[in-house]
Amino acid sequence: MREEQLKPDNAAVPAQKGWLERKENVTKIAWALYVVCAILVLLDFLIHRHAEMGFDGNFGFYGAYGFIGSVFLVLVAKYGLRPIVKRSEDYYDD
Amino acid sequence: MTPSDHILLALMIPTLGAILIALTGRNRNLREGVTLVTAGLLFGNVLQILPAVLEGARPEISGFEVTPGLDIAFQVEPLGMLFGLIASFLWIVNSFYSIGYMRGNKEPRQTQFYVAFAVALASAMGIAFSANLFTLFIFYELLTLSTYPLVAHHGDAKARNGARIYLLILLSTSIVFFIPAILWTLSLAGTLDFTPGGILAGNADATTTAILLALFAFGVGKAALMPMHKWLPNAMVAPTPVSALLHAVAVVKAGVFTILKVSVYIFGSDHLLSTGASEWLVYVATFSLLAASVIALTKDNLKARLAYSTVSQLGYIVLGAAIATPLALIGAGMHILMHAFGKITLFFVAGAIHTATHKTEVSQLNGIGRIMPFTMGAFFIGALSIIGLPPLGGAWSKLYIALGGMDGDYWFVVAALMISSLLNVAYLMPIVVRAFFRPPDPDDNGHGNGDGHSVAAVNDRLSLRERMAEAPWFCVVPLCFTAIACFVLFFAPDVVIQLLEGMLEVPQ
Amino acid sequence: MIEFPPGLILILGALPVPFLRGPVRTIWMLALPVAAFVLLYSLPEGNHFAISAFGQQLELLRVDGLSKVFGYIFLIAIFLGVIYSLHVRAIEEHVSGLVYSGAAIGAVFAGDLVSLFVYWELTAISSVFLILASRTPEALAAGMRYLIIQVGSGVLLLAGLIMIWHETGSIAFEHIGIESVGGVLILLAFGIKAAFPLLHNWLQDAYPQATPTGTVLLSAFTTKLAIYALARGYAGTEELIWIGAVMAAFPIFFAVIENDLRRVLAYSLNNQLGFMVVGIGIGTELALNGAAAHAFAHIIYKALLFMSMGAVLHRTGTVLASELGGLYKSMPFTTVFCIIGAASISAFPLFSGFISKSMILSAAAHEGHYFVWGVLLFASAGVFHHSGIKIPFFAFFAHDSGKRPKEAPLNMLIAMALASALCIGIGVWPSALYAILPFHVDYVPYTDSHVLSQVQLLFFSALAFTVLMRTGLYPPELRSTNLDSDWLYRRVGRSILQYCVQTVGSMHSGIYDLVVRRCKRFVEQLYRHHGPHGIIARTWPTGSMVLWVAILLVTYLALYFIDIF
Amino acid sequence: MIAAHLPALQVVIPLIAAPLCAILRRGTAAWVIAVAANWLAFAVSIGLLFRVLDEGVISYAMGGWAPPIGIEYRVDLINVFVLLVVSGVGAAIIPFARKGTEARFDSTNQAWFYTMYLLALTGLLGVTITGDAFNIFVFLEISSLASYVMIAMGRDKRALTAAYQYLIMGTVGATFIVIGIGLLWAMTGTLNLYDLAQRIPDIENTRPVLAALAFLTVGISLKLALFPLHLWLPNAYAYAPAVTSAFLAGTATKVGIYLLLRFFFTVFGGGGFFLSTPLPEMFLVLSIVAIFAASTVALFQNNVKRMFAYSSVAQIGFITLGISYATETGLTAALVHLMNHAIMKAGIFMLLGCVIYRLASMRIDDMAGIGRKMPFTMAGIVILGLSLIGAPGTSGFISKFWLVLAAMENGQWWLVALIVIASLITMLYVGRLVEAAYFREPSEKAKNVREAPLAMLIPAYVLVAATIYLGLDTTWSAGLAQDAAASLLSAAY
């Protein structure tokens, strides 16, 4: 089984670009996501929100929270955390 | 036969055995047969005393007076019972192992070896069953002397040096500290008899008690309390069955047994607690057990590492004796048993590795578990017991000592025991990991000598049975047996506790 | 009816495994969890199996709502784990897996602290082999660290139980609290296994080093056992809320920049534990139910995620995001199962995470912990980010790495399929899970409002991911070592220890050498005077002997006369 | 009838046997006579012991002339104790002497040797038993002169020098003793020890008495080899024949000790006078110096016999240390050690004689590996060595036990420490020999040796057995010694 691991089946064959790898398709998916997000925000008007704490009943609260939170997470990780903690791969080896 | 007769027999059987072994020395099968039979008889005989002791009886032989105050007399109480059982039982196991080891390594002077061993066991029985300090001391010294030829067995410069240090430290500590302590005790209390509740209460103030305790603690060099421990690592030059004798069967056990016995029957738990005279020893023992563990980390030689491990483990027992609360004393007594089985397993393994591959250093053991799975498996179990992990016997004694420490308001003892456990993991477990999970060294083509097995040559594709190259079965079976015993002891602490509780009973 | 600890069935059942071969072994190993499950199902609540030792009752089978739910899920986990690892030849993995799960189950049913301690240490000892079995140098080193930390947790538990035993005279494992020193020590012990902040790093250190199959089992038992123990001993301890909140939030930052996908999962595991700890800290019936339910759901989907990564590792030999991509083409089933796991952990409606995590959030809101609620919500978005998107995206999609491995072996696929089915099943029919929770449940997860909120949160997180990727702001996957609290012991602690060891070692030999040297010098001096040619040992001329006689005589005379007058 | 004349027989038997040996001139016959005489003397000692235990002090007027005119033999617990030791050790040595002398001398010289031996024995027994001061001097000279001859018969050329030195020193010592006795006679008009004891207390602080005490002290110290007057001893012991060494080590110095006790505690009146002089301090200091200096020298000796000779000096230090306490425990310690050391040291020198008999060398390097070649000999040496160290179960332990007890009684803890450290040094030099014998490769010389003949081993083993017996049952050593010590202190004579 070890041999199987080490030998990708057709490593020599140039990777054929699948549907997902083509740029235009990726753009399509992204657009689809944008549309879904827009619809979800609009649903706020239709569905009565049972707001437990008050502030979570605001329009677009969850969407905004999710988006801002995620961007914050990634940017802090990238610019705040990584410079501090990143070391070479063999840092602990010596 | 009365239990008293069995005491006498316990002394006679190994003595006669020694003579018979010497006489049958020319025929090795006969000689070793005699050894095994003697060992078996001895254990069976000692076992006969157990029921009476469990029922609360204290069988004795009132011997004779040497000079006023000094008597030779024997009495069996629970602690001595336990020690007697351990020593006589492990002698059987060790004898089987010795046969495998001594033959496997083509050791010289084997008859002398078996004779000295039997004499050592006779001395151990004397220590276990002595009724007073004087009798104990005589057998204590006999044990030192009878083991000296064993330590010096190889006869080369290194063995001589190790044996010299062995004898020098043990004899000089006993002469310089132990004898004065005994005589001082005699002059204070007027007796040397082991008496439940102790004999010094009311006869010695706190300072005197503390100084006297120091004389005992350092005078009993066999307990290897730092800084009197140096003989133990030096004695590892001896053949492995001797190391097993030193570390598990008799010698160091006799040391800590003596300290425990003195703590219980000479000083008395109440006296120590009420005067606080043993407080300093708690600190010293704690230091000893931690420092020895740390030093063990630095040793690459397997037997040296195990030797320092023993120093550390003996610290537990001395610690229990120094804390002197009932639970700590019971824990210390239990630890004599638990450590005996754990450590004998580890030493058996070290010897089996030496027999099979002639390797002695930890760093040489890469992948050795592949060819010696039973041996190294036993090592794993023994190591866990030494560390004090369930489900092995070592867990209970450590628990009890720590509980006793809490009773004595020594919270740091609990901390030290816990840290020591981790240090034990750190110096024992890498050996297991190396043996089973490291690939064998590529340059290891069995050089060393002819019958050393090549680890690297062992191919992955071979089945276990094909690649196995264990030491002789006479070596492997005993060590597996003791490993299993470590496991069994986990489930039988109550018998031991019940026995040891008898040690603390003070008749009104 | 048989009243026997189900954990022991697994432990004892593991013993003959080395001697079994082929289908017999397969059937035997599968039968063990099933048998234990049936046994557990038949057990009514109460204490069923006690042994007395050193004057105490050791309760080995305390069955109540809390222990039962953990018992069930542990048995499910080992069942899935056995299937997943059927292709493995190494005996030690099978044995240690069974013993490990048995110990964890035993611990769950332990009614007293001593039995708990016994099982607690047993989980540590048995599980380390799952890491060591990788046999790489890194795995061996990580395994040793893991073992020391786990045993450390055990000894802390021992120290704590000794103090409590000493204080109260009882060893019963009931609510402990942090009023006593012993209680704090035990909390630390549990905290290590539950990967509290700063005590967490063994998890991210060791799990990614374990074998593909080993990680699956590891992810299920150790930490969840700790969660169970916390729920038993520290429910309603306020401090846990804050600890849990930190746990839920901080690992996700590390997860974002981590390249090793199994380590990403380890960070997300840590983050999920945070939710459970918060639930325990709140301590209301709803919160505890939430914690238990979340543990239940979490074990399955986290196992599923680790299984999918294990399959990738098994087939490609790596789980570094920077080396992977495009595997969906040749491993479609694995891809689907991974996405199901990702959806579950992200708490998409109709997946198991949704119906359990929301209980905790609701409980936090109910009790007015708004800030904590906010943190958990942020953490939920973050989870989706790294586990929900990052894992499947970088492994199976992203840029094509050119690797075309075979689909995972059949037994792995079956295990993943079963786990996926459970994930969806729990998500769709939560009432079955709710029915076995420790307290009565009248929680309704599927309300319009709740579903919409959750979907919004997740989609906008996805939106953020998309935007960041397309703008190039998303941090690239880089091969690196990211420092974490392990730096404290792998660098600082190690240096200190080495320093101590060297100091003690050299002091030890130094003092010994000094003594020996002093002795030697002393003996040399003695020899100068007392040796065969020294002044004392020389053969003296007769005249000088007589001189001595005279001197002595004079001395005596002088002394006597002085004495008189 | 015979019982009444036991005191006379004690001296007369060996005295008559001695010329018989000389007349017969046949080695074997002389040996038989010597053995018979010595054993008889031992039997007489035992008889005397029982009589003393029965009746108390025995006064025996030699030739029917009552003291103070005639010579009185006066036997009490102390001298019967010493008689027992001297004749007992002799009884063990004399059968042993056969092989060694046979190998070295022709028949005439053998007879001559036994004559000298018997004379020495006569002298020592006489010194011990007599109650007359001048008689002491006479017997002392007899034994000394015989000893000089016995030493000079050693095979080593250095034996002659050693004997010569011993002669000079012994004569100086004897002269001092006779001066002391003369002074006492001048002051009191009596030579009878009992009478002296009665009269001296009245005049004890006069200058002549003190001068007498000084002369006696120095003279006796020379005989018993108290440091620093021991210088004659190492060579005398080392180069004399083994039998001589064994005999002298076991008896001569012990009789010196007896004299010291007799004069200090009996003649000069109980413990009180002794304590009022600076003697206890002097003895304490000299004893300690003796113990440490001699032990340390022994540690470095390459000649094993010389090593044990120095060890004797140290062991005498232990005895005088006990005396310096002047307490019952201290004197008991001294007397017990007197007996125990006599037995063990005689035994050691006998076993060394066995080694010489086979190996013809006493160098420690030549003895390497001898433990396997001569197992019984070396085992005996080990046991006696253990006794020398003071290992429990051997008589040496009992000695140390009493000594430490005495030190503790006085609250002298530092002395306890010194005693144990001295034991430690003893352990080191004994250990050196043991290690060489057992754990080194056999030397060239040792390769071809075999076990000593039984005729030598058996007598030596009698003493080995006695050493162990006296370590386990102390009725006849410590028990007697304690009573003797009590009587010394009460000045009952």
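Here are a few things to note about the model shown:
Labels for the chains are A, B, C and D, by order of writing; each one numbers its residues from 1.
Throughout what follows, a residue touches a chain if its C-beta (ideal position, glycine included) is under 8 Å from a C-beta of that chain, and two chains touch if they have at least 3 such contacts.
On a predicted model such as this, the values are computed, not experimentally measured, just so you know.
Traced through touching neighbours, the fewest hops from chain A to chain D number 2. Ranking all chains by how far their C-alpha centres lie from the centre of chain B, first place goes to A.
Chain-level centrality, scored on Cα centres against the all-protein Cα centre, points to B. Averaging C-alpha coordinates per chain places the centre of chain C 79 Å away from that of chain D. Separating the CA-averaged centres of chain B and chain D is a span of 45 Å. Separating the CA-averaged centres of chain A and chain C is a span of 28 Å. Here the CA centre of chain A is 63 Å from the CA centre of chain B. Inter-chain contacts occur between A-C, B-C, B-D, C-D. Only residues 64, 66-67, 70, 72, 134, 137-138, 141-142, 145, 149, 152, 155, 159-160, 163-164, 167-168, 171-172, 175-176, 179-180, 183-184, 187 of chain B touch chain D when the two sit together in their complex. Those residues of chain C that touch chain D in the complex are listed here as 526-527, 529-532, 534, 536-537, 539-540, 542, 544-546, 548-549, 552-553, 555-557, 559-561, 563-564. Only residues 52-54, 92, 114, 117-119, 121-122, 125, 132-133, 135, 139-140, 143-144, 147-148, 151-152, 154-156, 158-159, 162-163, 165-166, 500-502, 504-505, 508, 511-512 of chain C touch chain B when the two sit together in their complex. Partner chain A is touched in their complex by these residues of chain C: 87, 252-254, 256-257, 314-317, 326, 328-330, 362, 365-366, 370, 373, 377-378, 381-382, 385, 397, 399-406, 447-450, 452-468, 470, 473-475, 478-484, 490-491. Chain D makes touch with chain C in their complex at residues 164-165, 168-169, 172-173, 176, 205, 207, 210-211, 213-215, 217-218, 221-222, 228-229, 231-232, 234-235, 276-278, 282, 293, 296-297, 299-303, 310.
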